[in-house]
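Naming follows writing order (A, B, C and D), and every chain is counted from residue 1.
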Amino acid sequence: MRRLDDGGVADLNIAYIGGGSRGWAWKLMADLALEPQLCGTVRLYDIDREAARRNELIGNKHASAANVKSVWRYTAVDTLEQALTGADFVVISILPGTFDEMESDVHAPEKYGIYQPVGDSTGPGGIIRAFRAIPMFIEFAQAVKAFAPDAWVINYTNPMSLCTRAMYEAFPQIKAFGCCHEVTGIKALLCLAVTNILGEDFPADGEVEINVQGINHFTWVDKAAYKGADLLPVYGRMIEEIDFRDPANPLSKQFGANAVKFDLFRRYGVIAAAGDRHLVEFLPPWYRKNPEEVARWGYSLTAVADRKKGLAKRLEKSDALASQTEPYQLGFSGEQGVQQMKALLGIEPRVFNVNIPNSGQIANLPLGAVVETNARFSHNSVVPLQAGAMKREVQSLVAHVVSVQETVIEAVFTADKELGFNAFLNDPQMVIGLDDARALYEEMITNTKAYIPWLP
Amino acid sequence: MRRLDDGGVADLNIAYIGGGSRGWAWKLMADLALEPQLCGTVRLYDIDREAARRNELIGNKHASAANVKSVWRYTAVDTLEQALTGADFVVISILPGTFDEMESDVHAPEKYGIYQPVGDSTGPGGIIRAFRAIPMFIEFAQAVKAFAPDAWVINYTNPMSLCTRAMYEAFPQIKAFGCCHEVTGIKALLCLAVTNILGEDFPADGEVEINVQGINHFTWVDKAAYKGADLLPVYGRMIEEIDFRDPANPLSKQFGANAVKFDLFRRYGVIAAAGDRHLVEFLPPWYRKNPEEVARWGYSLTAVADRKKGLAKRLEKSDALASQTEPYQLGFSGEQGVQQMKALLGIEPRVFNVNIPNSGQIANLPLGAVVETNARFSHNSVVPLQAGAMKREVQSLVAHVVSVQETVIEAVFTADKELGFNAFLNDPQMVIGLDDARALYEEMITNTKAYIPWLP
Amino acid sequence: MRRLDDGGVADLNIAYIGGGSRGWAWKLMADLALEPQLCGTVRLYDIDREAARRNELIGNKHASAANVKSVWRYTAVDTLEQALTGADFVVISILPGTFDEMESDVHAPEKYGIYQPVGDSTGPGGIIRAFRAIPMFIEFAQAVKAFAPDAWVINYTNPMSLCTRAMYEAFPQIKAFGCCHEVTGIKALLCLAVTNILGEDFPADGEVEINVQGINHFTWVDKAAYKGADLLPVYGRMIEEIDFRDPANPLSKQFGANAVKFDLFRRYGVIAAAGDRHLVEFLPPWYRKNPEEVARWGYSLTAVADRKKGLAKRLEKSDALASQTEPYQLGFSGEQGVQQMKALLGIEPRVFNVNIPNSGQIANLPLGAVVETNARFSHNSVVPLQAGAMKREVQSLVAHVVSVQETVIEAVFTADKELGFNAFLNDPQMVIGLDDARALYEEMITNTKAYIPWLP
Amino acid sequence: MRRLDDGGVADLNIAYIGGGSRGWAWKLMADLALEPQLCGTVRLYDIDREAARRNELIGNKHASAANVKSVWRYTAVDTLEQALTGADFVVISILPGTFDEMESDVHAPEKYGIYQPVGDSTGPGGIIRAFRAIPMFIEFAQAVKAFAPDAWVINYTNPMSLCTRAMYEAFPQIKAFGCCHEVTGIKALLCLAVTNILGEDFPADGEVEINVQGINHFTWVDKAAYKGADLLPVYGRMIEEIDFRDPANPLSKQFGANAVKFDLFRRYGVIAAAGDRHLVEFLPPWYRKNPEEVARWGYSLTAVADRKKGLAKRLEKSDALASQTEPYQLGFSGEQGVQQMKALLGIEPRVFNVNIPNSGQIANLPLGAVVETNARFSHNSVVPLQAGAMKREVQSLVAHVVSVQETVIEAVFTADKELGFNAFLNDPQMVIGLDDARALYEEMITNTKAYIPWLP
């Protein structure tokens, strides 16, 4: 890494682990190419080497994009050691297993009446996915310890909390955080409240300030202010005055129905940040009893078959991109990764929401568990802002899931399948009888066992 | 109160609040009559004055029992002030509402598939019962503050944790504790393990030592020792070697099937102390999905109609007792109340399990919540023994219920029906959809509203 | 208050309490006049009304300074109510008592061998000063509660921790913080290390990042980084390589000898932020045994007589300023108050070090005590950054003083002179015998009793 | 070990480490011989093998004492392994170094005006003694881990807190506690208050109940009750009504002057348990400024020369005992060790005050530090009773010393002489200047370095 006179940084070294599914990799590539104050090298490592090489081609091609601001060199490498040695940043975005395993995660529980819209963060799907992902993240953490102990590690992989937690368990000195854009979404809704309810101009960046508390995809906002004015009652007015479920309302197309999010606000007086599809998975079957209930609340279940189609399309587009010869326009992804790198390089310190172990930033969640709050990013430093105590009723919902997560970590690190079942059984989604829970656990494990090396 | 030369106490003053249902009152009367080191007066207060007067008759009659050791004077009084003024001890054993309200508590949820064997401690039944009981305990606590601030208050009423918690909220300096015999039951099982598995003599009192952690009716034993030997593996052997579900086995008659208790031990490695009928109510519908599942686990649901019959029988027996003229034998109840009084009078300090606010005796439950642990009773003093941290998986189950309880307290003290619904909805039993939960809540409240004065 | 299109704020309302001694008031006046994004009114309240009126004259005169950027209206008022009603910010900078009381604070202990260079923050001088100041700050807090409950209160008065703590005790919802520039000084030394040891350019604002832990005037820096490089070893090299005690070294003139600060770094490996004259007062007489020892460590004792002369000079200058007719240049004070206002108005969020109650930002100091750490200032919000746990040896020194401070607060709020003696006796400076401690306490109280209304 | 039908235990195995100075060994021998429910073997290990052999002779001779109740076999052994293998209890009572080192501990600081009456628990003497003792206790703990991991270890050696703490640091699973009789003394004073102020009969054992909080030799009693009556005000009356300093008063001979203890009670309202000679060492030189001040407070400084004479006398007596041929009477020592063994064997559970790591029994002292509170001893179990939070002013004094102790532990375990100086310097006694402190530290270390193997 080399500092430039304008405050920027050249010769930055980024290791990208994963990215075979293209989505996240492309976003990062575009954001890097559009960032004038950074340039350097990205080493691409994926267990699917072909995917890494294809990303190498596409990444290097960006240098010829019409609006490129900064040239990056992409190189596919064959080992974690090659990717990590000398890295300033490590970005991890992998799929733990294949879509076939994901199919079991999401759909196997349906025969017991457990409907999961996403199935990658929590619930039976999230837990079994964690069983596969944690061993991979242990390997990553050990490789970081060996080859790039001072690098910052940015994780985009779900289950976010558990993957990040596993890295800290494996290498406690790691400088890792999980990064998620769901909180950005809630800021957009709050900006809408500023304009449509308060009648003010659209807030500039940073004018809406929120306090963030919870865990990834189950994060809550207990304070929100615009120029010092309390936005919570304004948000409350908005959800009564605007009908987000009316298909004729253009806002409903833009922002979604958010019926679950608004129902939770009415009940608890604080705002759930994530989308409804995530939120319902952290709760008992209040909103997921059956497909009719799902439809009634206005969110959708994603068949993994559709995800497979999505991937196929991205791969096609990948081929097209790799072989295209005309210049093209890059667009910002809206993700915060590159801004976070700049802050950590001291170029522009800022506050982001992140997922890191609780050292007291949330007073009433267990120390050590990975929680999501605001944190200040500056020169080589991520310092959480004190988020305070969560409201009791919401804390209870979150603490329940944290306890399940900590049990999952212990189960995988001790290779204890029965302890894993204790976690599985204690999940808020698990309201089927004991025998059904056991049968489902065995089935899901059998379906995905090729990726669960620690099973006895 | 007057100390005797032999270390005993005369002229003790006990206020007995409730007792109209006879059960607990009779037990205490017998135990007092059989205790040679105490004598004095019991003032009986019940909103059913007739019941108090009948108890007065019966209590005074005990003086002529064949095996009486100590003569007590019983007087029915008309006001809390009369009962409490000058009292050394206050015993509370009431029914919050009538069996009609209890019928709603227990059976209304059944139409939504929620089966409660007891329905008085937790779950929808326990919560609605608390809605009725808490205002009564606030009144008791205020009366104690006014008329007997130095008296010790022993509560036998369910929901035990919530009734006790309410008294501390209303009068923080109160010297109150909740008292429950379920832990005695688990000691009996451990003694059985000593004799039948270890082949030792039946343990003397105090030879089996246990550590107690949790909340009333959801208390756990994480350490048990007999003469210094670890009894947990011995218990584990017992539940494999003895078939408590075999009707031909006399032990199954004596101790019950305990299938839920043993299943929990197999899963968590620590012992749930209460009976299966209580345990299943603190958990999601793992063991209660439907009546078949209940039957399969070998415990029973009690129809409130049967409780009504039980009461009628006790009332008949009450008439018989009141009018009987021949001497009779009294029997010890097995309850600990009188022994606790003796310890608090300094006659015989001892360790009992009790329910009092957490001041750190359980490291990983919230401070202030009423928890159950061992405590040392001595002269005017109840000091908890440090019970340590609960095992994570079990702590999670218990903390969930504690959070519901604390929300119930806040709801009643602030007369907030919607906050009450938040508690109701967050109960582990509440796995029905949101609309059903709301409908059930409204129905149960309507059914019992005559006893919920704080409703708007 | 009115937002301007350029993001600035007009019609801001500031209440200034105190300022009679001119120093702080003039700094704020200059800084406000030089800040283009703010303008409005400052209402001046001082128990010395003449002083307030003189400041009114001077403040209004600034409008005609050569380099003025913003015009402010100054009005002296007669009551706290007039000053506070409608205030957006309240600035407090008072002298608790007169220099005669301060003379007793600083010099009375000398006859017992207790030498205090400043005597206003801690030790016998700081405690007796707090006895006078706390009742005043209780009055201010109550007036804020009554007339400006939403205003931000910035306190510059010493003892900083105790004055701020008293306001929170009197009005827990107050939005107050204590503000001190000593930490700025340590940043300057670190910048010197960057240039003179690392040979880098002088760091831009924000390039040196530090973690701040402790209490006012006894604050410690356990992490310091420049562009991600650890500055603690660099600081260590600097204090060995540069002789700050050599009078021929121009750096020694600019930065002072700092012999105590450097000695503490050598011993503890972390940096004490405040100047030596403050630091020695928080410690046993390690560096203050006698005037020779003071001289040997290269710092000075300030006779209050000199302070009186300083005040006289300021008053003269005040007259001169008030009557001067020619335009003049204003200079920035280097204080952060106006920048903090801008951050709290949402104009430019920033991190400052501040003194507010501990809600966990320092893990191993008591909750509720006023501590000094970094905090992020944004729209109507001051959120502490997590400063973590202090190093044990340093924590012990700080916790000792915190305990004394909390006892002082309790003593004044309960008007308990004996409890006040317990605080006085427990101060680290108090190593004289018991009888001498008692005699000194009585003498100092007698000397200053006109300002201690709560004495029995 | 073998259980007897009467509940007693035969073939008990006790390892006695140390005892060469005779005092504690003889007390234990007498108490064992007078205890009818225990018998077995004591293996004696001392680095002074001759002393162990002499104790073997004396111990075995006790079988012929006139009033012997139980016969024990004593065997001197040559290694820790021989002593510990098969041990049920381990008793440690050693002198860390010789009286020559102790002479330096106690008297070297006097030239700087630091007077220590005992010098073995805290202050410069206690710290340097700990430097010698901790390596020995590390060795003992490792030997216990290797040869008797299930044995209970009773430590009588000073500095009690640090020796016990070191064993837990070296072998965290050790079942060790420190045992001290100073608390017994305060109970005697409280009994005196019962008889002489309340006019009641002398309390039976257990009738006076106290709550104990603090660290060894600096333990405080914040609650004391006799038959439920609060004894603190009674104690307060006693110290005003009885003149313990009047030499004509027989009580002053029996109980001592206790002028420091009473002065502390007047100031803090809670009772310091230890004797004045210990108490003054935990405080700044309030009561120890010079020998005149010592005399004025009515306690004495012990010259180590006198201790040497005491030892010589014990050795003479030892020879006499070893060679005496006529039967003799044994007397109880008043120590609690044998009663603690009986409780741990399940023969008679009881509450004792002990020194063990804080797991929350004192809410406002650091976790892990060795603290002194009540604990319940039963079958193989020592469970602390919750002692609650200490009063702030007293907590501050105690926490200061705890911090010094924890620093000492870290210094010895990391062999860091400079960190050791940090502890030394932070001791409340250390109010001399920095240079003197450094000179004293070096001198004391040099004087005793033969026993400080970890010095660089």
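Keep this in mind: a residue touches a chain if its C-beta (ideal position, glycine included) is under 8 Å from a C-beta of that chain, and two chains touch if they have at least 3 such contacts.
From a predicted model like this one, the values you see are computed outputs, not experimental measurements.
Asker: State which chains count as neighbours of subunit A and simultaneously of subunit B.
Answerer: Chains that touch both subunit A and subunit B, as defined above, do not exist here.
Asker: If every step must land on a chain the current one touches, say how few steps get you from subunit B to subunit C.
Answerer: When the steps are counted carefully, the minimum from subunit B to subunit C is 2.
Asker: Sort the other chains by how far their Cα centres are from that of subunit A and give me the top one.
Answerer: Relative to subunit A, the chain whose C-alpha centre sits farthest away is D.
Asker: Any idea how many Å lie between the Cα centroids of subunit A and subunit D?
Answerer: It comes to 57 Å between the two C-alpha centres.
Asker: Report the inter-chain centroid distance for subunit B and subunit D in whole angstrom, where each centroid is the mean of the CA atoms.
Answerer: Chain centroid spacing, subunit B to subunit D, equals 43 Å.
Asker: What is the distance, in whole Å, between the centres of subunit C and subunit D, each centre taken as the mean of its C-alpha atoms?
Answerer: One centre to the other, that is 46 Å.
Asker: Show the residues in subunit C shared as contacts by 2 or more other chains, in ascending order.
Answerer: In subunit C, nothing touches at least two other chains.
Asker: Write out all the pairs of touching chains, ordered by chain label.
Answerer: Final set of chain pairs in contact is A-B, A-C, B-D, C-D.
Asker: Using the touch definition from the top, list the residues of subunit C that touch subunit D in their complex.
Answerer: Touch list, subunit C to subunit D: 263, 267-268, 284-287, 289, 293, 392-393, 395-397, 399-400, 403-404, 406-407, 410, 418-419, 421-423, 425-426, 430-434, 437.
Asker: For the complex, which residues does subunit C have touching subunit A?
Answerer: 3, 206-207, 209, 211, 223, 225-228, 344-346, 349, 351, 359-361, 363, 374, 376, 378-381, 383-386, 388
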